[in-house]
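Once you scroll down, you'll see the structures, which are given as structure tokens.
Two complexes, one shared chain (chain A), two partners (chain B, chain C).
After this line comes the complex of A and B, so read on.
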């Protein structure tokens, strides 16, 4: 039974957490692609920026002596999301909108987003240095242990407070996004513009507003994902390419432009990564006497060594590109 | 060459002379040698993006392959490895890989003997899985054994020229694989796929200690010309010996660069270049004229990548060091992009000019930003706010910001670059 609990701790819990973060990031990437038709490379650094905004707010709250029953990192999330959304709107206004007005190709916007990613990276490290920080300087991280002795397990299933919050918030966010896209006038306008921008414009949809709403949602979700990641592990300024690759993989796997596909892709990539680096030796151990020698004594039976974790997302991406180039849900093309 | 090109290169020469007068001839030689290598890589990217319209973000990976090739070809033979059981174990791992490949090929071809289609898909998955597991059971002990007994496989002891050639060939092969997978998709997908490929190459080269020595680094990678030390033995003083040594290396890289530019310009001016422009500007029209668009794109992708591989090999050789941990997307991918964007997409002279100019400014910006930060720090101390902590690290980050800003500025205000593409009209 302990083996199963180990599996749940290492794969189910970790995969859900990672998948939620990837899904939130991928939704932003896919929305921007759907509306503006370019792959937004600065999304990883928007996540970092959002996490650092939340970090500063937590510091401010703690300095004011505010203590809340919920983790401060979660409490400041609405404010941080609002600020990051404003920052995202500012990025669009300052850098992407002038290029769009020039009639730039999507490829030019893509290069510009690489420029933006370098600028954000430089600024974040300029102000916060390159060290690792934690949100739990002022409070302790709650850890919940679910006793499993009633089914014969000697070790508990361990979940941290931020992880529970994360799952709950992701469920709420996805539901809210679903309702927004299917029920509200603006959400329907967004879907219409993603399907056919010209038709959307002639049928009276305010496309400039749709663009602004897209950046707001993408910025807010990026902040949420970045803060969640920082709450779960630690806050590092060099998130950029370590996170943008799985996020892009998730968006492409789900089909670029497909919101639900991005969520599915996020969880698929998250679980694939945790499953690939999981050490199956745990499951071999109970049957040691009945197995051939080479298998019983083998150590490290993970499919992929941990240092190659980054490759997993990419291998999935390549398989999807080869087998079904438009993603699981049929994606857009330009 | 038009007057604009001549003027731009005259300006570049003035910059080199200014650097030589203010920072010493040796520094100017060093910067010129490294920037000529970067210019070669920028020329490769210009072929891919300027001529072919292909978005390649895998430059870092291709340069790493070049560096790995030159270190594995030109370093002296590691006798400890060849005397141990390492070659045997490695041979078995290669055998396992070949067996796995055969298994995959058999699975792929099994439809020929009447296996139903859905079953073929499952057979393929199974074959890949079994082949991979089989290879892992052989390579893991071999890698552990080599790392424990002899460190790494060592070089082949061949001349460094062979290493440069191998760097180009290996990078071309890698580009062929990348191109076969991702070309024919839209440009966004290509950008994502290539940046992923680049990170994967980095992950492998960094962690395959048995082949590349990983973080332990390979040094000293040989030079094609006598090292400064050789001149010192003949009684030349240290400063002058560096000028001689780096000057000789600069002559080698310039020769390679000039030959490449001439060949590229001749190819681009001919029917091949017109076909490539046709493919880039309107691939549907080109396809309807009977051009095999994907094959042409793979061709141009491989062609550009060969130059990047040679560039990577030259860079490792010049630094006398192959350090897999020292490769960063900023220094090896985005810097090259800035060179091509600033210099002018679709113009070889522009890309080469951008290579020299941007690298020299990038290298000189380090002391400049340090000085600026020191001034700001003095100002804040004077204002009673205290000095800036970690000032060196922060000054370095400011350069990253400006690199990004330069990308945006040139896209916004000079999208064609300093030396725009020359459209030749054949009436």
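After this line comes the complex of A and C, so read on.
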């Protein structure tokens, strides 16, 4: 039974957490692609920026002596999301909007976004240095241990407070996004513009407003994803640079422009990564006596070593694209 | 005062102009039909009115006011509406959502207009929850027309509404256009089915090489042997 509990801790919990983060990032990437038809490479750094904004706010809350029953990192989230959305709107106005007005090709915008990536990373390093920081300088991270002795386990299932918050917030966010896209006038306008930008313009849809709403949502979700990642692990200036590749893989696997596809792709990539680095040796151990020596004494029976986790996303990406070139949910092409 | 008046418009896509001084004028009670050979500038005329390409000289007046080079998000609230020839529905949106998008600029209650459209095209009411991409060509054309009517326009412009439709649907679409016109909406359309469209046109414009060649009522143009010989296939 302990093996199963180990599996739940290492794969189910970790995969859900990673999948939630990838899903939030991939939704932003896919919305921007749907509306503006370019791959926003700087999305990972919008996540980092959002996390650092949340970090500063946590410091400010702590300095003011504010103590809350919920983790400060979660409490500041609404403010940090609003500020990151404003930053995303500023990035669009400052860099991408002028290029669009000149009629730039998607590839030009992609390269501009790589420039924005480098700029954001530089800015974060300029203000915060290159060191690793934690959100839990002023409070402790709650850890919940679910006793499993009732089914014969000697170890508990372990979940941290931020992880529980994260899952709850992702469920609420996905529901809110779904209602926005299917019920509200602006949400439907967003889907219409993603479907057929020329017809959206002809219909009199205020396309500039739709673009602003898209950046607002993408920025807010990026902040949420970045802060969650920082709460779960730690806060580093290159936090999201490593995550942008699986996030893109998730968006492409789900079908570019498909919001639900991006969510599915995020969880698919998240679980695939945790499954691939999981050490299956724990499941071999109980049967040791019945197995040949080479298998019984094997250690580290994971598909890939942890440091090669990133490759998993690409293996999935390649397989899905070979089988379904437009992604699981039929996506847009450039 | 004319509903829409195009005066000596010169326009193109950046290179040599495609329109070299086009003149069009119709009243609210009119059905105006633009015919002419391929490359005469028929569709370009509609796009120039609707701000989809730059007018370099001449002017476009709507109800006497200058709207030259205004963009669609200004024109739709003023009462102009346009049905493009191709890709004229949102394929991933439901029929009803397509219609709602036509009313995007409206802030008042749109349910009455929605019911009027469903009364005109009962088949759309049946399929209101279905993605428009799953509909047949004729039904899509109805969605496209319905979408354009949702903004309660005073001028409806259609680019080859009968393109790609079976003869049965061509007649049906033309009948709907006459109905819309009787309800007080001026019509300006481009048609490949020249003879059939001119038969019910109160104003006909024959364009060639980006200029007006003949103008008259539809029946007059059909009766004109010169027009019939050069533009209506004898």
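What we mean here is this: the second predicted complex is superposed on the first by the 333 of 334 C-alpha atoms of A that agree within 3 Å, B and C clash if a C-alpha of one lies under 4 Å from a C-alpha of the other, contacts with A are read in each partner's own complex, and residues count from 1 in each chain.
In the analysis below, contacts are C-beta pairs under 8 Å (C-beta built on N, C-alpha and C of every residue); 3 or more make two chains touch, one makes a residue touch a chain.
All of these numbers come straight from a predicted model, not from anything done at the bench.
**Student:** Report for A:119: first if it touches chain B alone, second if chain C alone, otherwise both or neither.
**Tutor:** Only chain B; A:119 stays clear of chain C.
**Student:** Output check: A:129 vs chain B and chain C. Expected answer is one of first, second, both, neither. What do you get?
**Tutor:** first
**Student:** Please indicate which partner A:192 is in contact with in the superposed arrangement: first for chain B, second for chain C, both, or neither.
**Tutor:** Only chain C is touched by A:192; chain B is not.
**Student:** Any idea whether chain B or chain C touches more of chain A?
**Tutor:** Touched residues of chain A are more numerous for B.
**Student:** Contact residues on chain A for chain B in the complex?
**Tutor:** 33, 38-39, 41, 95, 98-99, 102, 104, 106-108, 110-112, 114-123, 125-126, 129-130, 241, 245, 248-249, 252, 256, 305, 307-308, 310-311, 313-314, 317-318, 321-322, 325, 333-334
**Student:** For chain C, which residues are in contact with chain A within the complex?
**Tutor:** Residues 50, 52, 71-73, 75-77, 82, 84, 87-93, 97, 100-102, 104-105, 147, 151.
**Student:** Can you list the chain B residues touching chain A in their complex?
**Tutor:** Where chain B meets chain A, its residues are 55, 181-182, 185-189, 191-193, 195-197, 199-200, 203-204, 206-207, 329-330, 334, 337, 341, 389-390, 393-394, 397-408, 411-412, 415.
**Student:** Using the touch definition up top, name the residues of chain A that touch chain C in the complex.
**Tutor:** 185, 188-189, 191-192, 195-196, 198-207
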